[in-house]
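Okay, got some structures for you below.
After this come two complexes, each holding subunit A, first together with subunit B and then together with subunit C.
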Partner chain A sequence: MRYREIIMANFMRLFSLIPLILIALLLTRPGLAQETAEIVCIQCHSGLPEIYSQPIRLWRGSIHAENDIACHDCHGGDPQDAANAMNPQRGFLGVPQEPDIPAFCGRCHVGVMRDYLASAHGLALGRGGPTCVTCHGNHQVLKATLELINEKSCSRCHSYERARTIRAAMQETEGLLVATETRLNDFKKIGSNTEKLEKELFSLRNSFHSLFHNVNLETVNKQAARIQLELKKIQAVLTEWDQAVQRRKIAGALAVSVMLLIALLAHLVRKTYD
Partner chain B sequence: MTLLKKIVDWIDLRIGVREIVRKELTGYLLPRNINAWYSMGSILLVAFALQVLSGILLLIYYVPDADKAFKSVSQIMNEVPFGWLIRMFHAVGSNMMVLALLLHMLSVLLMGSYKRPRELNWLTGFILFSLVQGISLTGYLLPWSQLSFWATTVATNSASAIPLIGPYLVEFLRGGVLVGPPTLGRFFALHVAVIPLLIAALIGAHLFLLKRTGVSTPPFGQPETPIPPPADSYRYEDHPGGIPFFPNYALEDLRSIALYLACFLAVLFFDPYLFFPKDAFIPANPFVTPAHIKPEWYFLANYQTLKLFPNELIGLSLQGAAMTFLALLPFIDRGRQRHPLKRPLFLACFIAGLLLWIGLGIWGHYS
Partner chain C sequence: MDHKRRTFLGIGLAGLGALAAAAVGWPLFRYLAPRSSREAAGKVVVPEGDIPEGGARFFEYAGSSAVLVRKRDGGLVALSAVCTHLGCIVQWQKESQDFLCPCHAGRFSTDGVVIAGPPPKPLAKIPFSVSGGNITVG
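Up next is the complex of A and B:
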């Protein structure tokens, strides 16, 4: 009896450690992962009348919000200090005047600003010509795609005919870009090293987007053809990867078949010993 | 006389190899009604050996440094010849091993093989189960992906629910306030050295106990016999008139192992990403919290249980109590009857517990 008690006492001592071991093993609620504290701009403006709170709502649906580009990244100021959030001495810029908008956006989008300024749109800056926000929106900034060139938007200022021709010329390249990006993302999800190809695609997309501000049809066609050629090279690499995946599946089918055959043989031989 | 026979004779003369074969293989008799579930142990031995082998191969290229870990895994997957195969073999293999271990434990529970005199077999097996969970968790961090980083952050954070020592324990587990390079170092050491050694030692103890107690007779598949009274001194359970381990049961083991490998290879080659959410291939970023961090499938029930309780300590305590109860089951369930149909209360609890675990897991997956 005493022997059993000692054994049990030892077991209990050992298993009193189990909760500790468990703690290290258990995975718990995602609710613990706290949201990043919101910046003071959002905290204040969200509670203000529509005219002041609307930018927040629009921004939440923008490509900027998607990429963690917040209010202070464009408007400056101190997003952590409510009292000095809009203090010019803390870099607050406020809302730019219309002629200053390209330079305002161009602090980040340097190449795009250059393309814009060289275009017919940019040359008309300050003389009734459109600025960045005319087409891209100011808070609900949309991802730059061909969809931005559309009859409703362009017809606000001029005829859509020329824009329609340019858009049609770029449509095929856009389709190829999107398809390549989708395939690349599929490979990325399974651990393929897509870094190099992603960089190439990024560069090609930038070249392509620079054409968006160009209104010279011949240049657009020439550049689009070059970009398509490069995209097809990326597609060729992805096709090789696809083929490798298929080859692995064939090897897998063989390996599985061999194992099933061994199982069957073992089963049959075992039966002979009954 | 063939060359082979000459070699065997030579060895036999020195270490009595024929006697070992006679005693441990051809003369080692097992119950006539032994079933395929008894092969789960052999499957697990093979699975563990394959994990060790693939793990060693991964060690050749893996760099346990927070700045280089993700890149080294990516290099293994994309540049090292057959690196993708070895890495996926190791990752898929860990999941398959946990599955086989669970099936082994369930079959032991159902057949009442944990009962006297096999309490120690059950205990060592239960500790092995905890160690396998531990090695899976520590291995999870090593690729240093978003999934690794945040799953480990959440897992280690659970310890903070313990009164008084919680915050210190979290810091001890992480090697700092947050998950970072010191955590990787600790988890790497645990994953490749400490836990494998403990598992190997426990496997040795488990096999030693099996050898000393003898293989249990399945409670079904043979004419009913009266249950013998409990022995008051050590007694090896032998099986006169049983089937020899070699070649009879060794062939059944081989069949089961081949079937296991067929299933394993099917997952490995046709759906290797079954166990990988998309965050598994994005490098760790301490500044971006992924929207939904879900644990591995075998932790989903624990995860969901913790979500159900407003107080984390209650959830943890409840799970600790359940695990402790399960570990001590042979000392609580002392009845001698082993046939599941003659243990209706046990069978009802077994089925309810299993359904609860599966239900919580599914809930956790979709929550």
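Up next is the complex of A and C:
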């Protein structure tokens, strides 16, 4: 009896540790650790008047924030040292002048910058032409989609007609891209290894979206056709995966039926001994 | 009568048991057996003369983009041309003798080692052999 009490007491002691272990695990999650250790740019700017804190708010909803690209990745400086955060000697670049914006963004987006500089938009740089931020915004940079080409945005500078034609030419491919991504995400959710296809899709999406900077309809059509062909290859793989899932479902149903049948036969065999 | 019935049911049970064992064993075998990869089957032959010194030649290999580079010292390298960051196809920069990923400025050396940017891993090396003036990749 005494032993039983000791065992129960130890068990309860261990049981009471479970919540503590869970809390410790939760606190050591990398995401949470990152959130608590915010860089000094955010710590400081969050408490400043709207003009200085707005970039933080906008950035939080951006594709950059989603991918852990923070203030210093674009503006330079030291994100760990408040005193030197904006020291040019620590690489602080500040805000670029308008003609320098493409080169500023192009440090990472090299391919896009090349396409832009070769386009009618890029050729008008410094002469009233649009820069990256004119269409993409600066801090709340969103994932590029065909929605970026719209009457409201394009009409700020010129007539929408040509842009409308280009958008219409790209619509089908964009639809295929979105549909493929949705299907791929569905497979990812159920644990399929989608890494290779995701990378192929990203590469295709990138080549396709770089066409946004090209205002030559013939090039757009030619490239869109090539990208559609590649997308259809990914779709074909996903269709094979779909079929495999269907086959697994049928096999699962058959396995359950066989088990039920085995149980029934075992029951009948047992009855022959009664 | 019971004996006959029991034998009949026993045979049925054994049959279903064998079916159940096969149903468990087959996926297990499929999982453990080496992949009959369609990808591994292909070999690509490139004439040696197609790649000048300091130049690169891109080609399709195992369903992905790959590249052969002849270094300035004459050595050959075969690499996957798929950037290890997000999967864009890298571009050969003849002047600087390195690879540049146009998507997020990842840079790789001639041997595929990351020298700048966000890629987490080097470019994957691909085996190849040279004989009779031809480079056989794969």
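We adopt the following convention: the second predicted complex is superposed on the first by the 237 of 274 C-alpha atoms of A that agree within 3 Å, B and C clash if a C-alpha of one lies under 4 Å from a C-alpha of the other, contacts with A are read in each partner's own complex, and residues count from 1 in each chain.
Heads up, the rule we're going with is that contacts are C-beta pairs under 8 Å (C-beta built on N, C-alpha and C of every residue); 3 or more make two chains touch, one makes a residue touch a chain.
Every value quoted in this text rests on a predicted model; they were computed, and no experiment measured them.
> If we overlay the two complexes on their shared chain A, which of subunit B and subunit C does A:Met259 touch? Say first, second, both or neither.
The answer is both, since A:Met259 touches subunit B and subunit C.
> For A:Ala251, using the defined touch cut-off, is the partner it touches subunit B, subunit C, both, or neither? Pick first, second, both or neither.
After superposing on A, A:Ala251 lies in contact with both subunit B and subunit C.
> Just subunit B (first), just subunit C (second), both, or neither: which does A:Lys189 touch?
first
> Check whether A:His109 is in contact with subunit B, with subunit C, with both or with neither, and answer first, second, both or neither.
Second partner only, subunit C.
> With both complexes overlaid on chain A, does A:Val269 touch subunit B (first), subunit C (second), both or neither?
Touch partners of A:Val269: subunit B and subunit C.
> Tell me the contact category for A:Lys199 with respect to subunit B and subunit C: first, second, both or neither.
A:Lys199 sits against subunit C, while subunit B stays out of touch.
> Starting from the residues of subunit A touching subunit B, keep only those that also touch subunit C in the other complex, and list them.
251, 255, 259, 262, 266, 269
> Looking at the complex, which residues from subunit A come into contact with subunit C?
Within the complex, subunit A touches subunit C at residues 107-112, 114, 196, 198-203, 206, 251, 254-255, 258-259, 261-262, 265-266, 268-269, 272.
> What does subunit C use to touch subunit A in their complex?
Residue positions touching the partner: 2, 5-6, 9-10, 12-13, 16-17, 19-20, 23, 64, 82, 86-89, 100-105, 117.
> Along subunit A, where are the residues that touch subunit B in the complex?
8, 11, 15, 18-36, 68, 188-193, 248-249, 251-253, 255-256, 259-260, 262-263, 266-267, 269-270, 273
> Quick one: which bits of subunit B touch subunit A in the complex? Just the residue numbers, please.
Its residues touching subunit A are 74-75, 77-79, 84-85, 123, 130, 133-134, 137, 150-151, 153-159, 161-162, 169, 173, 243, 247-248, 251-252, 254-256, 258-259, 261-262, 265-266, 268-270, 272-273, 276, 278, 280-281, 288-289, 292-296, 299, 302-303, 306-307, 312, 315-317, 319-320, 323-324, 327-328, 331.
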